[in-house]
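Chains: A, B, C, D and E, in written order; residue numbering restarts at 1 for each.
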Amino acid sequence: MSKSITAKDLNVYYGDFLAVEGVNIEIAARSVTAFIGPSGCGKTTFLRSLNRMHEVLPGARVEGQLLLDDDDIYGPGVDPVTVRSMVGMVFQRPNPFPTMSIRDNVLAGYRLNGARMSKSQADGIVEGALRGANLWNEVKDRLDKPGSGLSGGQQQRLCIARTVAVKPEVILMDEPCSALDPISTLAIEDLISELQKEYTIVIVTHNMQQAARVSQKTAFFNIAGTGKPGKMIEYAETSTIFNNPTNQQTERYVSGKFG
Amino acid sequence: MGDRVFSGLALLAGVAILITLAFVAIFLSFNSVGAVYREEEGLILRQFLEYAYPLVIGTLIASLIALVLATPVAVGVALYISHFSPPRLSKSIGYLIDLLAAIPSVVYGAWGMSFLGPALVPVYGWLHQHLGFIPLFAGNPSQTGRTIFTAGVVLGVMILPIITSVCREIFIQTPKLHEEAALALGATRWEMITMAVFPFARAGIISGVMLGLGRALGETMAVALVLSPGLLTASLISSGNSTIPAEIALGFPEAPPGSERQAQLIAIGLVLFVITLIVNMTARWIVNRHKDFSGAN
Amino acid sequence: ACGEANNPGAENGDGNGNGEANGGAETSEVQGTLVGGGASSQEAAMTAWTNGFTSVAPEAQVNYASVGSGAGRDGFLGGEYDWAGSDSAMDDDEWEQSKEICGPDGAFHIPAYISPIAVAFNVEGIDDTLNLDGDTIGSIFAGEITTWDDEAIAEHNEDVDLPDTPITVVHRADDSGTTDNFTEYLEAAASTWEWEASDAWPADISAESAQQNSGVVDLTSQTNGAITYADASQIGGLNSVAVWVGNDYVEHNAEAASQAVASSTPVEGQASNNMAVELDRDTEEEGAYPIVLAAYNIFCNEYPDQETADLAVAFAEYLVSEDGQQTAESAAGNAPMSEDLRNTAMDAISEITVAE
Amino acid sequence: MPWWTGLAVLAVSALFGAALSSLISFNFALWFVFTAVLYVMISYAVTRAKVNRRQARDKMWKNLVYLAFIIALLPLFSVIWSVTSIGIPGLLEPGFLASDMQGIDGTTDQRSQEEGAPVLGGIRHALVGSLLITLTATFISVPIGLMTSIYLVEYARGGKLSRAITFFVDVMTGIPSIVAGLFGAAAMGWFLGVGNSLGLPLPSRSTMGITAAIALSVLMIPVVVRTTEEMLRVVPNELREASYALGVRKWRTILKVVIPTAISGIAAGVTLAIARVIGETAPILVTAGFVVSNNWNLFQGWMTALPVYIFRQFQNPTSPNFSDPSHQRAWAAALVLIIIVMGLNLTARIIATIFAPKKTGR
Amino acid sequence: MSKSITAKDLNVYYGDFLAVEGVNIEIAARSVTAFIGPSGCGKTTFLRSLNRMHEVLPGARVEGQLLLDDDDIYGPGVDPVTVRSMVGMVFQRPNPFPTMSIRDNVLAGYRLNGARMSKSQADGIVEGALRGANLWNEVKDRLDKPGSGLSGGQQQRLCIARTVAVKPEVILMDEPCSALDPISTLAIEDLISELQKEYTIVIVTHNMQQAARVSQKTAFFNIAGTGKPGKMIEYAETSTIFNNPTNQQTERYVSGKFG
């Protein structure tokens, strides 16, 4: 399991607007890679192009090559669904399915695809995933209640549980902790380290401490101004980025950090 | 594979509609030739137009009355259900209004004919007496209440639940986030509604109104039952005017097969078709003008 | 409200008993379903006929859709109906067309439903018939006479105290055979009437209207001062006009009506057994009532298969039989055909054949 | 403002309303109108004077919204009253639901009206006809309509075809029902003609239940498309993306996420569409004919639907001079028809509440 | 301007569920107060009860007293609308009005007062508010575009601009920066210090550094378990809370902090 990701000259467009330009990056399997950078620089956009979620938006498209191990996921004949079932995603805003109970939300990846399973098997998956997302204790008594009744943080953890439950090869996380309290965040971070043993993880975060704590490598994105495309400025070991960046922009950005 | 089949089916369904409609159009055009062309006289378009234009105007008047009466009430009722009624009751209240949609047009026709029409007679008399100088209320006030206005009111009642139902569903869908944003800015409930609910529901309201209008334009039986059709007149309170569907329903049963009369009736059916087309084009255009700002983002 | 069916003629469903109700009349062996459609004027009579026919022919069923005369002929010519009911006869084009489905002799008409058309009114203060002549009726319906105490009316009714109620003319909103027959009368008998006879009421007279006979009658009953024309069997409690014919006022009555049909000119040029007639509206004959409606039942001279032909013959014969005419009269109140007319019709029906 | 202000204003409005209406000529309708108008105006003025302009406007609109609701109820109660007052006795006649009109003619009704014999005859055949025809029409229209709106919302990206479909669906809403009926009959006639000339074992006549169902579908499809389209559009994209991100195929996402989220709206739309056609008269009369006895076969023979039954009983009473029994049957049948639509409506609502998004939390 | 807030024995319910119990707190005018605590402990709930937004949810209600200066905002005859126009709010999730342009979004609240203003006046308000929210440069060229076309962070800053434009007396912020990058966060924090001179500010945050940076006083909320009500555990000077808390729960929570 777990695959590496290689982007070659990747341009990401919204219609005619070039949002991210010329990204070249190699992300190793079984590692955690963090994307940092100011708001609007295209982190989310680039992340979404990694599992072909980008093209879901009308007019959105991608140029260049993106290899999962050695297969170009944008190659001809490649099914985006296969790509997405290999590359899971946790969104910036929690989005549990409002029609489903907490339990069904966790099982959504299976249920929606029509997979059959015994009740005990399902129970196992639900408990495992919810424990992993540090949500089990809070919801174990109301698994059949709707997922939308939870608080923001609880909802986001539910979404993480849902993604983890389908055991993809790569997990993309777009600021997964931005709505979480420190304790939950810690649990998620632990979970990330845990998952890292088997999966490739890419995480967008604004919290540089978090990037420093969880990732081995960090990519810094920046944008020259409105209407300009976002670019990947530097990509290196996390410690290098935070302590000894080559690029001046990176330097300026990380030194503005807090705490 | 599943995706292919499913999207294929979806496409097929859409195309099936187009084909059906093409057949309807062919059926209508083919059978209405006799109304505009006669072997001895050639094109008799003028004659047909003279026949058709009062009907077109009558149809529009009736539908317009219905829309003007029903739209504000329907939007009000939908708002009542979505934002004003006690939350526990809103479902049942919505159900109550849906009952109006459950009543078949024959029954509306019977009701309009035997109850509403007679009840409006004194109103017509009053309007004529006091506002008779306005052309709308000139003419002989009807003694039976079988006027285009009565027909419009019946149509209004008939389309009320349609518009209400569509609006209500949309109003309920308004994101809480936006409603709360408005409230937090210190908006009153009504201001919140104008700020968050109406903009979000704009397309839906127009859609519902168009649905209602379509119903009003095409309604046959109710109009045929409550109206004393006759000459085109500006007066809403005397008998007269007619609508296209009523004219077809009243004329078709006795129209001799293959006759010019039959062709004429089908031809005005085609005209109604074109009217709906124009009305809907206008609506789409209004909706699309503000597409960027649509609420579904 | 649920439970057992309450139909009086329930025997037809399970096919046990038969014609008992009919006083032991002969029953026929024909079976199958005969379908027809057309004029609504004869609907009430047709309901009685189709019911009555099941007691004559227990194995057979007859359906009639009162879709209107035009639509009925349309359906008949299109092969959808086995026979059609129509307030007016087919024109020659239609008859030519009927040869496609009815063989070389085409179709023929039987005037099986005959009914006078009453000029009925509702005026508070007038509790009896009014006497009027054709000209006055024409002026009233043209909207030229607007109150009931108009001189033209008073002239004919010297001993009636006429109120000054305004006249509300009520006519048929739908195109109708009744209108056609009534305007034919006006065209012939009223010099004050300047429109051609037609199924549709003249578009340039502004008046009240309603659908079907029951509609105009109801509306007239509800409106003080209203006057209308309707199938005489349907006017209920309304008073009606005695019409000036020759040298007397004649009230509508059944005999006069069927006499009017029997004595009128046959239409030439169609099938030899055709019974379509040209009614004589401006008759001066004593005691004749000229405003009459005859609804035809149009049958084929040739049916494609034996079963349909047998059914058609049996049903047509039942329609014009004394029994059939009486059934209709008691249910619908129309005028039974005269003896002569019935015999002619029987002869015409006997010419129905089956295609080789 | 103290709590009793509203009541006080109402009382004042009612008083002045009564006074004003008796100036013209007192009746309850007039009184209601004056009271309502005065109430809205006075409470605006009072709130404006005592609180502020914004609250006054809020109050005014609130009153207007409530008023709209009351106005909407008036015709409802009026219609329901006219239907039930005559319809309920008719419905309670023994055997009304269990019998058809076989054997009922003018003499039967004359006996009922003149001698007070029970009103015979019922609506079994019409009930069967209506249910069969409407259900068939629903089975034809809902899949086509739903799939079309899915195509429009989920698949089409504003291409020419989708614009054409949306546009023509709109046009379709304007087809008068009688035209749909004529078209249905013509289309079926043509189809059978072609089929028969090819030697297929088809019925020879087009007048049958299925033709009516097809004609009704023409009327129903656009209603289904327009309402469901609107409902699908407001399903947030977030949910679709969440599903795609789990590696769920688009069609499964649509079936399992989008449709369930929109189900209450869809159910309402379908109910609306059914209600639209179950009351149709003209198209059924010209496509399915009119019979007095029962027929379960959609593909052979004529059928009667409830509205046709009502219309005929109303317009052409079985006994022209003794029309009370016919009118009673007509109103009772109308009542049954209304109850059926209400039942459908209720079913749709139950379905909707079972599957609807749970709307708690933010 | 600017008012103090005093809660006395405040209980906040969702229907029958007591979400927050017995809060007693005094928030001084012209100060910044931070609420911290684990997810689900009722920070959002309590915050929403401060401007009567809580009661917008069906069945939601509040017991106890809440004084704005000396007026009980839950007193009889008090109009929630007046309360809300005095107590502004920024939400956890950015919620610009999707049908309005960026410009109209900023002016949305201001226009409610019905005050007529000239175009230049309006322009001034828009620019001022957007600059304050550090968004001006990014959007100045597309003020007439819809607000929903912005990235998450941009949207949130737009919402802050919108609230500030109304110039309320108190501003409540529910994790206003959880979707923002550090630079925007910094700008917002600067803005908060700026606003503090005139307004009373209450902010919910998961970022304890942020709490430490911006607030004078901090309240720690906690929850004993699922289904139990959230409670305010400790309320003191921010430095006390972080360096020298009295309560053991607070101690445990803040020492689990990162960085």
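Convention: a contact is a pair of C-beta atoms (placed from the backbone, for glycine too) under 8 Å apart; a residue touches a chain by one contact, two chains touch by 3 or more.
From a predicted model like this one, the values you see are computed outputs, not experimental measurements.
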**OP:** Could you run down the chains that neighbour subunit B and subunit D together?
**Re:** C, E
**OP:** Touching both subunit C and subunit E: give me those chains, sorted by label.
**Re:** B, D
Subject >> CA centroid of subunit D to CA centroid of subunit E, Å >> reply: 48
Original post:
Taking each chain's centre as its mean C-alpha position, how far apart are subunit C and subunit D in Å?
Top reply: 36
Original post:
Where the centres are mean C-alpha positions, what is the separation of subunit A from subunit E, in Å?
Top reply: 28
Subject >> Centre distance in Å when subunit A and subunit B are each reduced to the mean of their C-alpha atoms >> reply: 50
Original post:
Taking each residue of subunit B in turn, which ones touch at least two of the other chains?
Top reply: 3, 177, 180, 188, 191, 249, 252, 295, 297
Original post:
What are the residue numbers in subunit D that touch two or more other chains?
Top reply: 54-55, 58, 236-237, 249-250, 252, 314, 362
**OP:** For subunit E, jot down the residues that touch at least 2 other chains.
**Re:** 81, 93, 112
Original post:
Every pair of chains that touch: which are they?
Top reply: A-D, A-E, B-C, B-D, B-E, C-D, D-E
Original post:
Once bound in the complex, which stretches of subunit B touch subunit D?
Top reply: 2-3, 5-7, 9-18, 20-21, 23-24, 27-28, 72-77, 79-80, 84-85, 91, 93, 95-108, 110-111, 114-116, 126, 157, 160-162, 164-166, 169-170, 173, 176-177, 180, 188-191, 193, 203-204, 207, 210-211, 214-215, 217-221, 244-245, 248-249, 252, 266, 269, 272-273, 275-277, 279-281, 283-284, 295-297
**OP:** Give every residue of subunit B touching subunit E within the complex, in rising order.
**Re:** 87, 175, 177-188, 191, 195-196, 199-200, 202, 290, 292-295, 297
Subject >> subunit E-facing residues of subunit A, complex >> reply: 37-40, 44, 92-93, 137-139, 141, 150-154, 157, 175, 178-186, 206-210, 213, 226-227, 253, 256-259
**OP:** Give every residue of subunit C touching subunit D within the complex, in rising order.
**Re:** 1-10, 12-13, 33, 35, 37, 40, 43-44, 47-48, 50-52, 54, 61, 63-67, 71, 75, 78-80, 211-215, 231, 233-234, 236, 327, 330-333
Subject >> Residue ranges of subunit B touching subunit C (in the complex, touch as defined) >> reply: 113, 118, 142-144, 146, 224-225, 227-231, 233, 238-240, 249-259, 261-262
